[in-house]
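First chain written, first letter: the chains are A, B, C and D, and each begins at residue 1.
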Amino acid sequence: MTESIESLRQEIDKVNLQLLELLNQRASLASRIGTLQTQSGMQLYDPQREAEMLTALQSSNKGPFSNDTIKVLFKEIFKASMALEEREARAKIIVQRKTPEQNTVVGFPDGTKIGDGSFQIIAGSCAIESFDQMDAVGEVLASEGVKIMRGMAFKPRSSPYDFQGMGEEGLKIARQVANKYGMLVVSEIMDASQIPMMSDYIDIFWVGARNMQNSFLLKALGSVRQPVILKRHFSATLKELIYSAEYIASGGNTNIILMERGIRTFNEEVRNTLDIGAVPLLKMETHLPVIVDISHSAGRRDLAIPFGRLAKASGADGLMVEVHPNPPVAMSDAKQQLYFDQFRALIAELRNVNKPDKAY
Amino acid sequence: MTESIESLRQEIDKVNLQLLELLNQRASLASRIGTLQTQSGMQLYDPQREAEMLTALQSSNKGPFSNDTIKVLFKEIFKASMALEEREARAKIIVQRKTPEQNTVVGFPDGTKIGDGSFQIIAGSCAIESFDQMDAVGEVLASEGVKIMRGMAFKPRSSPYDFQGMGEEGLKIARQVANKYGMLVVSEIMDASQIPMMSDYIDIFWVGARNMQNSFLLKALGSVRQPVILKRHFSATLKELIYSAEYIASGGNTNIILMERGIRTFNEEVRNTLDIGAVPLLKMETHLPVIVDISHSAGRRDLAIPFGRLAKASGADGLMVEVHPNPPVAMSDAKQQLYFDQFRALIAELRNVNKPDKAY
Amino acid sequence: MTESIESLRQEIDKVNLQLLELLNQRASLASRIGTLQTQSGMQLYDPQREAEMLTALQSSNKGPFSNDTIKVLFKEIFKASMALEEREARAKIIVQRKTPEQNTVVGFPDGTKIGDGSFQIIAGSCAIESFDQMDAVGEVLASEGVKIMRGMAFKPRSSPYDFQGMGEEGLKIARQVANKYGMLVVSEIMDASQIPMMSDYIDIFWVGARNMQNSFLLKALGSVRQPVILKRHFSATLKELIYSAEYIASGGNTNIILMERGIRTFNEEVRNTLDIGAVPLLKMETHLPVIVDISHSAGRRDLAIPFGRLAKASGADGLMVEVHPNPPVAMSDAKQQLYFDQFRALIAELRNVNKPDKAY
Amino acid sequence: MTESIESLRQEIDKVNLQLLELLNQRASLASRIGTLQTQSGMQLYDPQREAEMLTALQSSNKGPFSNDTIKVLFKEIFKASMALEEREARAKIIVQRKTPEQNTVVGFPDGTKIGDGSFQIIAGSCAIESFDQMDAVGEVLASEGVKIMRGMAFKPRSSPYDFQGMGEEGLKIARQVANKYGMLVVSEIMDASQIPMMSDYIDIFWVGARNMQNSFLLKALGSVRQPVILKRHFSATLKELIYSAEYIASGGNTNIILMERGIRTFNEEVRNTLDIGAVPLLKMETHLPVIVDISHSAGRRDLAIPFGRLAKASGADGLMVEVHPNPPVAMSDAKQQLYFDQFRALIAELRNVNKPDKAY
């Protein structure tokens, strides 16, 4: 019986190749029609013509595929034909991995790199609250060798009545503190209109989970000079995250860092469920650096050390963690920001963890 | 030029018909393989084989379609073939609907029927607690014309320290009350060893969510004479539920009633999320009666009336609802059991809702 | 023993009232400090002072509450105190239901109303593709008495290479067709910068799922004159949806229509899982109209009729459904758009369904 | 003026201390109620009672705090009280961790230990298929130092028509091979009635995900002498898993090993989503060993090495992995079983990963 399956499979292999040839033959014809249409100023997409072809096919269809299935298959063929020219031009998805060796390395003028095999720590308070708070944090970060500081001046909040961030005033503080301690600043952008103003203060744009599929913002970030950290929405598939990165890349900016941050599930003990498997999977699929947000995935500071270890062991290119001089009185995310001594313990603990050469 | 487009289009029409023939030829071959695989218990979906075919196609592809496009198109063809194979494999599943008219009607000696177009109410307290409680409930049910009473003597609880039910003592009470008011009793079974004992007292077996995939129990229920209510696990797919029903049916007992009861999601306001779409989908896929548990799906009694309306409007064959003489002191599920007046209001409200002829 | 619980509860009731008095006493004091601080130009938020109070409390704490718990509780008290003035001014969440009778009715110059007890149909193709397509759809909609037409010119897509909509050109077509058949147009807005241009063409703004938490856009829509349909994100809690509506309402625009559209779950048969329970729950919590998207929740056109019935039986104020002259060749969502005859069958079927007076 | 602020602050400090005392007084009362409730099997969380208290407080509230604020503050107080009660109730759960040092070590006559700080590998094919297959696997396992072999003779399958395992015949093979190579055998039990027969062949019972809440089976395993591996259901909360372990422990058998195996989410690339955060959380909450199933969580063999690294880095006490001489022709789980060389590579890779002293 297995033999019989084998022989049927060989017949299918032959049919596959015949289909392949016909499909390409059809593509050539369609492509020539497309050229003629473009020359004469006609629209490429012609629903009338498609409808007629489908009607003809269905009246000739003797099965076993149903007419509905035939419709779906040819619709797919039509779509592929129509998209051929631009697809050929584009060749492939830009952020998609092409070879095992291909790795985007995001570099900065001070020599800091993400994606070069190192394990970068991005840290700082959830929100900028005052100069004193930022200065205290900056001092600790610098003493631990951190190169990239959170400087969040616009906070996306569920309620319009929650603290919305200090705005530009906050960015000035962040820049001042970063300069004092020789660090880079990453800050969340909420709307494309903020790009020019924010560019005066910050080194890295951060796209939050809620904006992961804000295609207007993503397209606008395709033409900035700064790298972009793109945070996965808590219910986005990896495919959706990769396509969101492609919105930025297709605009010309390929300095994109993907961030896994936990997904929304039925789990009760944590704010989100750390989807650590996303790290090897994203590394298989794309050549972009991947980092792990160990604060929002857990939502509780007592998980920072175990999650930090896991982030490094996963092969990620770094982690993001929230630190605050006095977490219980923080304006936001009070339960997950680390005390200074916890942050120092985390950094110490990370030295005991080996980062694998490859995430997968 | 338009003429030229016209002639190219005629060539495309020819290619279309050749593609049509090849696609159907391929479908026939795949269908024969599917039959062989099903007979030998192999899974229809074989990602390894698909990967090999794609590799072969891509290495033979000379364009103009890119390898990526070829991948997409053949993936679509594979999917269509799989759908065809599944449709044919399904023809052998006992509980699978074969014609639009096929409907299992579960009947009882007293003339009560489920699945005949009527809308049956199954009601009673979450658990049997005492004769007085059951008698009070029985009186109200009977006065509202209810024919099937819950009589739960074994309670599956998350904690071993929660109330586990009255056991056989409880079943005696349930039988006594049911006899007094001329009703049938449905009761949850937890283990195959309970079948002989429970058969002395009850009219319908109930398989709880936690046992939905207990294949030992399901197989054992394949040879009892009583109908079985099979409750969907809160995270089971519909396919899993249907296969669980098939475990019972394949043993010879096709008097199976499927129960939708809400699924576990991220929603916070309800215990589970009522998946009302399961009713038309289960009715499309199987010929079995489908009822809706409006108590566990909501987990709160203030949703009983809206959910009751929805159950009836969905085309389900009935609903299950919990009623208690004094819900706040109930031994379990205190938040969701209805007061007697709420139960009467529910029954009254259901008269204003039309049950559609067909669920889909 | 139950008696003992009762007496302990009475003691707790007394403590509750003492706590209440102290909390209000504290609030008065804090409020007076706030006034003095504001007069002297000091910031209301003083993290240093908070930290000192917490230290004092913890050193006096003898349990049984742990120092951590005391910190959390007082942090909550601090937050409440600080927010007192603006909270008092705001009084309450604007969109929150205050009385059972309160119902926002969204009205239009042509007399069309949503939320007045009627059941409105919003229909049209997924995307504007051409004048002919829109005209064909418009004619059918008008003949069935539909008053609000979809006219989507900007399509949020996962991939940057998918059809992104016809843009302003499409809006012109939509307006022309709507005028011809005497209908209103609803259209999706993707960025605040589109408001002035879109306002020339459309009657209702639509905020898509991906922008449900785009606070920049929501705030901007707080000051437009048109009503806004706010679509629930496929993984948003109801609380998050309500707060997103509040972003719009707090800007002055309370003509908001909430839309349930299915949530992302493990279900395989449907694109999303229709969360029909959201209708009664949203109606309990807010005074806004609620409608149901029966196309995206199912993702398949064979569920449109059952889902349409359920939408009406749920007590929703209307439904949204996609219709296309030739669904298999549609530029997007080909699997869920209805054929014209299916759409007419849906409208006919809805006449057999009673809309309850109240959703809960 | 600053002086006035100072004096108001002193008044607030006094109120703070009075609040502190009252809060703790309230906590003591609530804690006593909690004890009474637990003893009588009542749920600690009582929403009805909370609603009543809130109503009473709101009707007594004279401001300046609004009723809404009072509600928020007391909700927080209720939550803190509940947390305290739960912590105390938990002290009575057998499997609950009482001290940081408490760790159950499961030992075997041959000296093998789980939970003693070592990292145990449990490996073998998904199902017993033949002596040759088991012998080939056993040889490889033994050569890599594996001490515990999978020997699955009863396979819980979704469909009644899928391969259900070799039964007792298979157990004989497993025992024979295990003896030949000096290994222990773990095997899945599906029903309490199998205990005596299986006890003749195996060293460890395995409770599968589908039986995680089969309380009949769990209770029965409370009195066997063999240790039990308890696999988390793919949609069970950690609390549910812990309570299931307690069912076994309360019967007297505390040799329980918890197994994380991935949860069902919307992710598409994997069979289940590895919930690696479960390891530190289970270790915080219980004193039982925790292992990670890296085969079913991924569902694909190319993730075995990254997931293996993560399992060890998480602080788990071991991992479970499926190995087969010829995975593509395996009777079940063909996609996830490792080839022999992949298995050897996994074992080699694990040597590069540090196991932390503590999982949290």
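Going forward, a contact is a pair of C-beta atoms (placed from the backbone, for glycine too) under 8 Å apart; a residue touches a chain by one contact, two chains touch by 3 or more.
Just so you know, these numbers come straight off a predicted model, no measurement behind them.
Common neighbours of subunit B and subunit C under the contact rule above are A, D. Taking each chain's centre as the mean of its CA atoms, A is the chain most distant from subunit B.
Looking at A-B and A-C side by side, the one with more C-beta contacts is A-B.
Between subunit A and subunit C, the centres computed from C-alpha atoms are 26 Å apart.
Averaged C-alpha coordinates put the centre of subunit A at 31 Å from the centre of subunit D.
If you average the CA atoms of subunit A and of subunit B, the two centres end up 38 Å from each other.
The set of subunit A residues that touch two or more partner chains comprises 72, 83, 87, 235, 239, 264-266. Looking at the complex, you find that subunit C touches subunit B at residues 235, 237-239, 263, 265-270, 273-277, 279-281, 284, 297-298, 302-303, 305-307, 309-310, 312-315, 349, 352-354, 356, 359-360. Chain contact summary for the complex, subunit A toward subunit C: residues 45, 47, 50-51, 54, 71-72, 75, 78, 83, 86-87, 90, 129-130, 133, 156-161, 164, 190-193, 210-211, 213-217, 219, 233-235, 239-240, 243-244, 246-247, 250, 264, 326, 328-329, 331, 334. On subunit C, the positions that touch subunit D within their shared complex are 1-2, 4-5, 8-9, 11-13, 15-20, 22-33, 36-37, 39-40, 49, 53, 56-57, 60-65, 69-70, 72-74, 76-77, 80, 83-84, 87-88, 91-92, 264-266.
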